[in-house]
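Shared between the two complexes below is chain A, which has chain B as its partner in the first and chain C in the second.
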Partner chain A sequence: MTIYSETLVIGSGPCASHVADNLAEQGIGVTWVTGNVTDAVNTIALQPPARVNRVQGSALVGCQGQAGSFRIILDQGGVRTAHGVASIIVAEEALYLPNFSEYGLQASRRVVTLSAIEAKARDVALESLIPPEARVVFLNGWRRDSHPAIAARMLAFCLRLQKISTARTVFMTGNLKVSMDHMEACCQAAKAAGAIFVKFGDRVPRMAMLDDTRVQIDYHDETSGMDFRVSADLVIVDETVHAHPSLAGIAEILRLERDATGFLQADNVHRLSNSTNRRGVFVAGGSRAVAGAEQQKADAGQVALQVVEFLAGRDRESLRTVDIDQGRCARCLTCYRLCPYMAIDISPRMTVVAQACQSCGLCAAGCPNQAIRMSDAGVPEAIEALSRIEGNPARSVPFTPRLAIFGCNRSAALAREAAFALGHKLSAGVTFVEGLCGGSFSVNHLLKAFEADADGVLLLSCHEGNCHSGTGTSHARKRCAEAAKALSWAGVEPQRIHYGTLSASMGCEFVQVVDDFVTRIAALGPLTR
Partner chain B sequence: MMSSDRAFKELFVNLKGKQGVVIGAGVAGLTAAAALSRWGVQVWLIDKAPVIGGHAIQFSCKAIEGCVQCGACQVHERAQQVSRQKNITFVPGARIVRSRGNGRLELTLAASGQGAGQSAGRFPDTLNADALLVTTGFTVYDPSHKPYGYGQFANVLTNLDAERILHATGALARPSDGRLPRRMAFIQCVGSRDHRIGHDWCSKICCGSALRMARLVQSRQPGTAVTFFYIDVQSFGRQFQAIYDGCRERIRTVRAIPADIRKTADDDMQVTYFDPQDRNATDAVFDLVVLSAGLTPTADNAVLASVLGMRLLENGFFCPHDNDTQPPGMFAAGAALGPMSIAESIDSAGKAAFDMVRYLDGGRLR
Partner chain C sequence: MTNPTPSFVRLEDLDAGLCKHWPYAQDVCLTCGMCSGACPVAGMNDFDPRKVVRLVSMGMLNWIVGERWPWICTMCGKCEQVCPMGIDIADMMRAIRALRDRVKIPGILQDGLANALRTGNNLALPKEDFVFILEDVAEEMTEEPGLKDFSIAIDKPGANILTTIHNKLVNTHTEDLKHWWKIFHAAGEDWTIASDNWEGTSWGYFTGDDEAMKIMAGRIVDNMRRLKAKTLLWPE
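== the complex of A and B ==
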């Protein structure tokens, strides 16, 4: 039996709870999976929001289908259930690991983590936690820079101790991360209240556990140039923010990109704020490295709006439709492999799942049988227009090369507009062909431009790491190389094809790239056919 | 098909025909305007400047071998999306001078006096708003009062000046003679983290922005030596540690903020600072200095806030709209709330759009 729900929320902490709540408030069905990991940091006793179906101690173990109609399998203590969901939101918390070993320390009665002391301070009064006149040392971001959200909590706790207890605090820090709201003011206040700030320089402090009551720290103060020794009654050690261990498995099941640090979103500005490489799958809070309670709550709000936009099809209105002509399709699966958004269903027939498709055109450019049609893409027409340019400038004297520039509409096309806004003009004889992605141009398109009388072809796509379709830019590069090879087989200089990358903010660079290419082709002379 | 096919089209139907006014067409305003318009809200996007895009549209791309996630290209993309939306009207060169009513507001517009001629008389005198969003951003600190010779020495620039030059010309040359610099310095925290002038905040973006710019200049103008004067380096991006470690191999970092700058005979800049290593006042000569001027509240925030009856924070930025701190139907987002990056501004605008949509749908929020 399959249980249908509109959304699946994955996560064991407050962020997932907020997401579930925000969606349920709009009357959207929510299944909330709290995961089968029980680690100390993330087990927060949460009341499920009203109308939310919470499946405790369960994990996602399988997923098929596409946006709008995912078929997922949940495992709850060995019992597996199938669910149908339209959209999935991964909102697992981040993992905070203490940095004891970085400082050569071990946890003890006198050496504690930030989270541990914060938790204790919630239950008991500070006075009973900290001995009178105690020397409390904070260790923050020494070998590795700390996360601003951790530094913020460290500072806030330091200020609190310094103000309302008799403790004398020393805040030892590497780069002090004050790039969270109000942290600089908090730091000023802590200093004013008497907290001593010490910066780790190149010489690292030496720490020794004296007995189980005190830690002795020898350090060199950069500001005064002197060596100091403190013996601390309490040492509070910072933490490092890590991707939750369950994200690796979730990424594999949902086929999501991860960034270099393991979080569930490629580090690509086109994924801002909560998108992933799959439509209908969103990521929020600690799963995309958002730390800080307020920030997580805000993230849970905006992700809800994006999910609702997706469910109501509001984010799809401007996208072109893509269709596979069954009569031409040979089921070679090229499109299935090429589609970066996994929007192609292979059974029973090759079909494009409209709700999952981002209209990038990668499939159409790669299909060997030209079986994929996109509404209003206009590329072939633009190429044809090239040959209709009045009074072929290739024949003019002095020689003005006739060039086709193929450009992605997210980068090169906007860079071109930025160039015009800066007052630049393009040389005569240059035709610009706008595509949906650098990867939407086929080898065939590039060669067709030569048939349409071009002397040179320039393909401009996004920088590596900035391609909306992820792989579009590398396909563009490969197709240029292929087309250049085809040219040289035909006895034409392969330099007549050039590949480059740009971003939308590179107006004057756009002009430079084009001008350089014009010069290069002018030197080669007209293409004799 | 499945039950999810039920009438999602009916979500937030109450928004159709509602009017939203967004003040400030920077990346935050653009993001929010696009989100509102997707729900059928008629959006008026007002900016006192003659052009769309705020600060970030003036920045250069910092990619070297690949993208370094500075976010600048996002504002171009969002500006284009907005210009294609039928139900968003961009009103350049205007500001709000009067606001009346409660719930549904009647706003009076006047020419801002910026870029006059381009837009004069092209907008209605009054507008009705069912909800209003302030995304008026920030103003870059004016370092004329600092002992760095800004405004007097041609080769002392702010980070914003340097961004504009790079964006317009693709290179960073010395304004005095057009020569490419060989020895550059970046001075951080100018007008930020400065208790004496009451700026008890970190501007958050200038460390990342300066280091990315330094790497861009080094890659476009090979052989440029860069010195980075700082107090603490702030994180930028998720791969911060890796990028920062890479920067430190190619950039000399000095944990000190220079005391002053003097001009030499050949328009070079002599920078005096306290060297933390040998603990002495030291001089170094650079041919170009970039001051990382901070993000400060815009001077006319106070006027706008009083016209609208909105609240400012003690530091002069807008107070967030959470917890009923702003009048009903009035929201704020982006760097108008305090220094933040492009990515954070987009987040902030997304969150504000969520709050506005819920408010417009039935006033559930406040």
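== the complex of A and C ==
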């Protein structure tokens, strides 16, 4: 398999530009695709550095292969070209949409968006933009906090107006979080210059339109307990940060997860910094809802570092090898469909691509012909060990159930260690079988535990939405349900198998869940043959 | 319960910059509410320190100066102590008091201050009565065990400590004199009291009247010079 050396950067704005620069500085070759976005031409005027091949006005239209050996297709004005890249970074800008509906307003000459007035203020002097002594009201994050990057821009413009022009500003916000650089100083300077700050908490102000198109705002000031009324000559409305429309198509081509709002990282604790669900594919800046010029720049630097680590092969501890026994493989494509990391190559034969594999074990567990073996996995061995236990002390009086607990190494195994570190003990007769992921346990594994004389089987895995492989924990849940059905067909109580979720820090809860299960199985009695 | 129609304060009617040059840093208020939490009279008359800071930064002095609340403030300073932004709230309260017409400040303070300016103490207690009360209590003290040789020194020159007197100590709380006298006696301290302008409770300070405050402080300084005491003790 060919391993390529270039990195593909996708993005039409400053963030992609920073990413390309950072990579070039590290001596990494970059193909920079600016997308079919028309304002890409305006935002990037400068010549890209050496080692950066900027393909203006081009889009990604196809991608095959895995980390280290992606085969991509670019389309530039209808002309398609093929390239090989080792890694891909999606660094498209975010979209800033005005928030008029949040305030029940419509755009007019007296009601404008932040971006619109900022843009105008770049070209003309403030005096010609704002009438003298105008009452200018800023509307910032009412029912929902505004994005800090937006709030920072609102504050900066408020300070500018209050200091430089004769405008009399009022900054109306539900909350005032000053977490970004310089925000607190900006806020204090604005106040010192005479800006009035109103933070109103839960009681949202009421708007009314006056005859001369001015906006009248009635609000309750919680600090003084009094009601105020202001007639605004100009209202500046904040914006919300949205996923760029091109992200949907990119996500489909690259088979990336998206969060609820369309950004290219799932809302999953394992998607750290710039990672996606696929090794070798990274996301930065506005494509993962990072906004604000400095923040984007920092994110661009961060993703470049991650790519350097990845290209040097330093980004993970060890690669398990995963073998597909060609003699047993029926090319059913189950593993291909199960793999959350797109790490299975189907041609010429079914192979697990080591560079893309993240060792979840879903393929091995799901293969209907057990054709897939993971080196060093341990689950089948552990189950064998279950059945080899002789003279079992658990078959004692009173009855102490023999339990097999299957746990993933990111949740249950760690919770168990935490429990022991805290001094907890589990009841006798409990055997723990550790797996790579909740999804690495097959229905066969679960049933084999019963064959090995377990009275009950408990499967514990990461919470839904926080599974590293995305789907592992829900596979675990479904397989437990299937195993339960199989049990009832065999005349065994289906309650003897149970699925639960927890996280690595839940040591005490782990003990609680196990103890509860021991009690329930004890009530059911030993598994009769 | 029907809510009454709120009456609005129009922003146009306010001069938000009215108190801009007040030196109490009121504009950096975070509205955290720690001051109100610490204040012993927060909530009375619908007021609290945070509200006052807010009204001042809005230039809304008309809504505070005539209110009772700035006058029930005890000047304990807890608000200032807890404020994370270092706003001088108690000082600000005094500035608000200073804005009220002198004939409109609470009656008892008016009378007391007038007395102090005229006679040197808030009670208009004549000198002979003052001295008599002190000597009378001192004699009572000598009847207690171990205090046979106790005596007080009035107008003694060159003492180590000259102390002012809170007027209540020669009015309703004369017994309280004995507590600190016993401490001074046990310490072997060399101390004295002035027979004129002995008042330590400065209602010039308390009512925000700088002129009156200067006069009263000036009289105490005169006492120090006259009696050549080494240290002034002003327990107020």
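Operating definition for what follows: the second predicted complex is superposed on the first by the 426 of 529 C-alpha atoms of A that agree within 3 Å, B and C clash if a C-alpha of one lies under 4 Å from a C-alpha of the other, contacts with A are read in each partner's own complex, and residues count from 1 in each chain.
Basically, a contact is a pair of C-beta atoms (placed from the backbone, for glycine too) under 8 Å apart; a residue touches a chain by one contact, two chains touch by 3 or more.
Values in this document were obtained by computation on a predicted structure and should not be read as measured data.
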item	value
Contacts of A:170 with chain B and chain C, given as first, second, both or neither	second
Contacts of A:101 with chain B and chain C, given as first, second, both or neither	neither
Contacts of A:375 with chain B and chain C, given as first, second, both or neither	neither
Touched partner set for A:144, first chain B, second chain C, both or neither	first
Chain A residues touched - chain C or chain B, whichever exceeds	B
Contacts of A:188 with chain B and chain C, given as first, second, both or neither	both
First, second, both or neither for A:225, with chain B first and chain C second	both
First, second, both or neither for A:509, with chain B first and chain C second	first
Chain B/chain C common contact set on chain A	188, 199, 223, 225
Touch list for chain B against partner chain A, complex	1-4, 8-9, 11-12, 35, 38-39, 57, 59-61, 63, 65-67, 69, 71-77, 80, 84, 167-170, 192-193, 195, 200-202, 204, 207, 232-235, 237-242, 244, 255, 276, 279, 338, 343, 346-348, 350-351, 353-355, 357, 364
Contacting residues of chain A [partner chain C, same complex]	135, 168, 170, 188, 191-192, 194, 196, 199, 218, 220-221, 223-231
Parts of chain C lying in touch with chain A, wherever the complex brings them together	6-12, 16-17, 20, 27-28, 31, 46, 50-51, 54-55, 57-58, 60, 63
Complex contact set, residues of chain A against chain B	4, 6, 22, 25-29, 68-69, 84-87, 144-145, 147-148, 175-179, 181-185, 188, 199, 201, 222-223, 225, 259-261, 263, 267-269, 272-274, 289, 295, 298-299, 301-302, 304-306, 308-309, 311-315, 317-318, 410-411, 414, 417-418, 422, 462-466, 501-509, 512
